[in-house]
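Next up: some structures, all given as structure tokens.
Here come two complexes built around subunit A, the first alongside subunit B, the second alongside subunit C.
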Partner chain A sequence: MSTRSVIPFGPQHPVLPEPIHLDLVLEDEKVVQAIPSIGFIHRGLEKLVDKKDFHEMVYVAERICGICSMGHGLGYCDAVEHIMDLEIPDRAKFLRTMLSELSRIHSHMLWLGLLADAFGFESLYMECWRIREEVLDMFEIATGGRVIFSIMKIGGLRRDLPDDMLADFRQRLDKIEEQLKVVAKPFYDDVAVKNRLVGVGILTPEKADLLGTAGPFLRASGIARDIRSTEGYCAYDQIEFEPIISTGCDSYARTEVRIKEIFQAIDIVRQCIDKMPAGAVDVPVKPNQFPNGEYMTRIEQPRGEALYYVKANGSKFIDRMRVRTPTFANIPALVEVMAGCDLADVPILVLTIDPCISCTER
Partner chain B sequence: MSLVNFNKTVIKNLFSKPATRKYPFEPKVYPERTRGHVVNDMDVCVLCGLCSIKCPTHAITVDKAAKTWSIRPMSCIQCRSCVDNCPKKCLSMDTQFTEPGSEKLTKTFPQSEKAIAAQEALMKAAKERAAAAAAAKAAQAGNAANANPVANAAPAAQAPAQPAAEKKDE
Partner chain C sequence: MNCEFKMVRAEEIIDEAQRLHYDGYHLMQQCATRTETGYELVYTFGKALDVLQVKIILDTDQPINSISHVFPCAFLYENEMHDLFGVDIKMISLDYKGSFYRTAIETPFK
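For the complex of A and B:
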């Protein structure tokens, strides 16, 4: 038996956009065990419920993370609206659906770029981020912000998206789809890419289910579990789509699932634009109307299932807001797939769960 | 064969226009909705203070005594909630971002002469209305209790006028 050694991975590492620390127990070049530790980016955002009222908490929720900010705002608003029995207008539901799908496109494009960067394909990385930039431009036109959108509010949306803007978005999406087809090819069948991804980090469906995995990481293990289709929040119950799965169970399958999800998201945005009903985008909330009660809502973020729990007490300030994010759910499975992998594959494996540490630690 | 496919993209990129702008020479044209920074039209602002109440980061301060409206641009998160809540619609969002700086400034804007004059005229009119109403009320009271007209009329005329005067001082 060879000697074991422990090397630290992170919190600062070239492939990691955010700080997570892993202690890798190595036996020669093989990882025997990975011990994760988090806590480098905790900001205590949930505690801010004491200082910010429930309208202002939307801004705090959006600032949990820069990539998933649309989803966090949506999840929090959805929970509070359920407590207050607010039925938001259909147009707001469709617009929310559309915006969260656009956010899925930009999140997955970001991830594809980072993956290309991790296996050393720099030009592919730049190409992915160039496409993502066009989605961010669409966000800027629609909401006025590229990262923090500030468009969600309790009771609907703060601004309407006029129909000519939606028509413009449709044209832009056609262009993005064309460019995306070119970029998707190397991910699918480039020899160098396949060498780095196929058969790396196999997670069996049984393990994935047992460890409570979420999102594309779970669906790449062949389990069709998608909150958009099971819960049907926002307008997802009126949109036709099937959860995308792959039975490969490896890193290649996870890439495949995410690429297909981008095309699916483009399709969902198109469906939303087609079915967009007319009317108002918000219901007024009276100044003396406060939430009282508790609610737990689940939404499908780009990275997987996110859970929002809100407990209110009938006053301006809510008692508790809790967010359980997909990355937190995926860390046990990450540790599982790392046992037995090569040291050189560790960066790829960390990336395939699409880690978002800001969300995890809040 | 995909490497060949991607080489096509690479060669195309090599001979096409860059995706980036030549920044200092070609400034960015922001879309209409971009939230750059908050601008207040001091000719219209009545210093009601709603913006400072609604600001989630307390970046806006309204000083009614000194007649100034001030904002700390470093605290402002560009959420646009002050613009949405402004009753006079004097606040707006500029698409340009603020200039970079090395210190945390507070930008203070005094209320313009025009706005002060308009507000004083309004106050005067309101005061006159209040005085007229009080006089009418006093006259009514005087009719009802004829025995001591001076003693009844005096406090009634003073009472409504006083809060208006206090408000002006605030």
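For the complex of A and C:
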């Protein structure tokens, strides 16, 4: 029998953009068990409900993460709007859908770049991030921000996006789509890329379901669970699309799902622009109108399903805001796929869940 | 999303979790909210499009059993509830005993 040894992996590691620690139990070069450890940068943002009123908590929710900020703002607003029984205008729903999908594009492009960097394909990494910059330019035009947008508010959006801006976005997306087709090719076809991804980190559909996995990590195991299509929040019930799945169950399948989701997101943005209704982008919330009740919203963030639980008491300060982020839900499955893998594959496997530790350490 | 809560007593939670597990549900999340007399726990389970929410009212010092032996991913949520709120959860499959979150003060949300 081989000797077992324990290797500490992280919290600081060249392949990890954010701190997560794993105790890897090894037999020779094979991982037999991985024990996760987080909590290095926990900020306690949910506790700020004691000090910030329910309007200000939109800003707090956005600051949970710099990549998923659009979705966090949306999820929190959606939960409070359900409690307050606010029906937001159709234009706001379509704009929220459009902005969420732009967010998905830049998040997936960031991830593709990190993956390329992890297996040493630096020119591909830079190209992915260059294209992502063009999406961030669109955010800057639309909201004034590239990371924190502050466009979501209880009752809709803070500002409208004029039709000529939407037409400009459509042209920009055409250009981005052409560039993406070139960038996607090595991820699909390159032998070196396939050698690092195919057959690595198998997660069966049964395990994926049992472990509460979410997002592309789940859909790459062949389970077509996408809250956009099932819940139909925002304007997704008026958009034509099907959840993208792959039955490969490995790291290559996860990459494939995310690449296809980028093209799908571009298509959804185009549909939003084409179907954009006219009208207001918010409903007024009276100064003496406070939420009273509790609600849990779920939305499909780029990394997977996120849950937002809000409990309010009829005053301007809510009792509880709880965010269940997709990375948190994916940690048990990450540990599962690591058992039996080579030590050299650990960084790739950590990356294939698209970890967002900032979200997890909210 | 279904936001009706099914009230369950703390001592019945394992039976309830096992029933849901056999019915094909997966665990979506667990969270705690501080109340004047203790805690309010919300467990969310999903099966395809169906969502079921279970609510448990606990006194401050009242323990509750872990469901991590039924739903393996529960160990993360339960360690979180223990570390942030001080909820006394027994028999977590992987119990970090307070070191899951490295917080400056003990149980900051209590």
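Just so it is clear, the second predicted complex is superposed on the first by the 362 of 362 C-alpha atoms of A that agree within 3 Å, B and C clash if a C-alpha of one lies under 4 Å from a C-alpha of the other, contacts with A are read in each partner's own complex, and residues count from 1 in each chain.
Here, a contact is a pair of C-beta atoms (placed from the backbone, for glycine too) under 8 Å apart; a residue touches a chain by one contact, two chains touch by 3 or more.
None of the values given here were measured: they were computed from a predicted structure.
Overlay on subunit A: subunit B and subunit C fit together in the combined arrangement. Of the two partners subunit B and subunit C, it is C that touches the larger number of subunit A residues. Contacts of A:Pro17 after superposition on the shared chain: neither subunit B nor subunit C is touched.
Aligning the two complexes via chain A yields an angle of 100° at the C-alpha centre of subunit A, spanning the centres of subunit B and subunit C, rounded to a multiple of 10. Contact with subunit C, but none with subunit B, is seen for A:Leu210 once the two complexes are overlaid on the shared chain. In the superposed model, A:Asp189 lies in contact with subunit B only, and not with subunit C.
Contacts of A:Gly222 after superposition: neither subunit B nor subunit C is touched.
Looking at the shared chain after the overlay, A:Gly66 reaches neither subunit B nor subunit C.
Superposed on chain A, the gap between subunit B and subunit C at their nearest CA atoms measures out to 22 angstrom in whole units. In the superposition on chain A, no subunit A position is in contact with subunit B in one complex as well as with subunit C in the other.
By the touch criterion given at the top, residues 1, 3, 26-29, 31, 33-34, 42, 44, 48-49, 51, 53, 71-73, 75-76, 83-84, 94, 96, 99-103, 108-109 of subunit C touch subunit A in their complex. Residues 1-3, 5-6, 9-10, 13, 19, 30-31, 33-35, 56, 77-80, 84, 93 of subunit B are the ones touching subunit A in the complex. Across the complex, subunit B is touched by residues 52, 56, 59, 123-124, 127, 130, 133, 137, 140-145, 148, 150, 158-159, 182, 185-186, 188-192 of subunit A.
Taken together, the subunit A residues at the contact with subunit C in this complex read 35, 37-40, 42, 44, 46-47, 82, 209-212, 225, 230-231, 294-298, 305, 307, 309, 311, 319-320, 322, 324, 328-329, 331-333.
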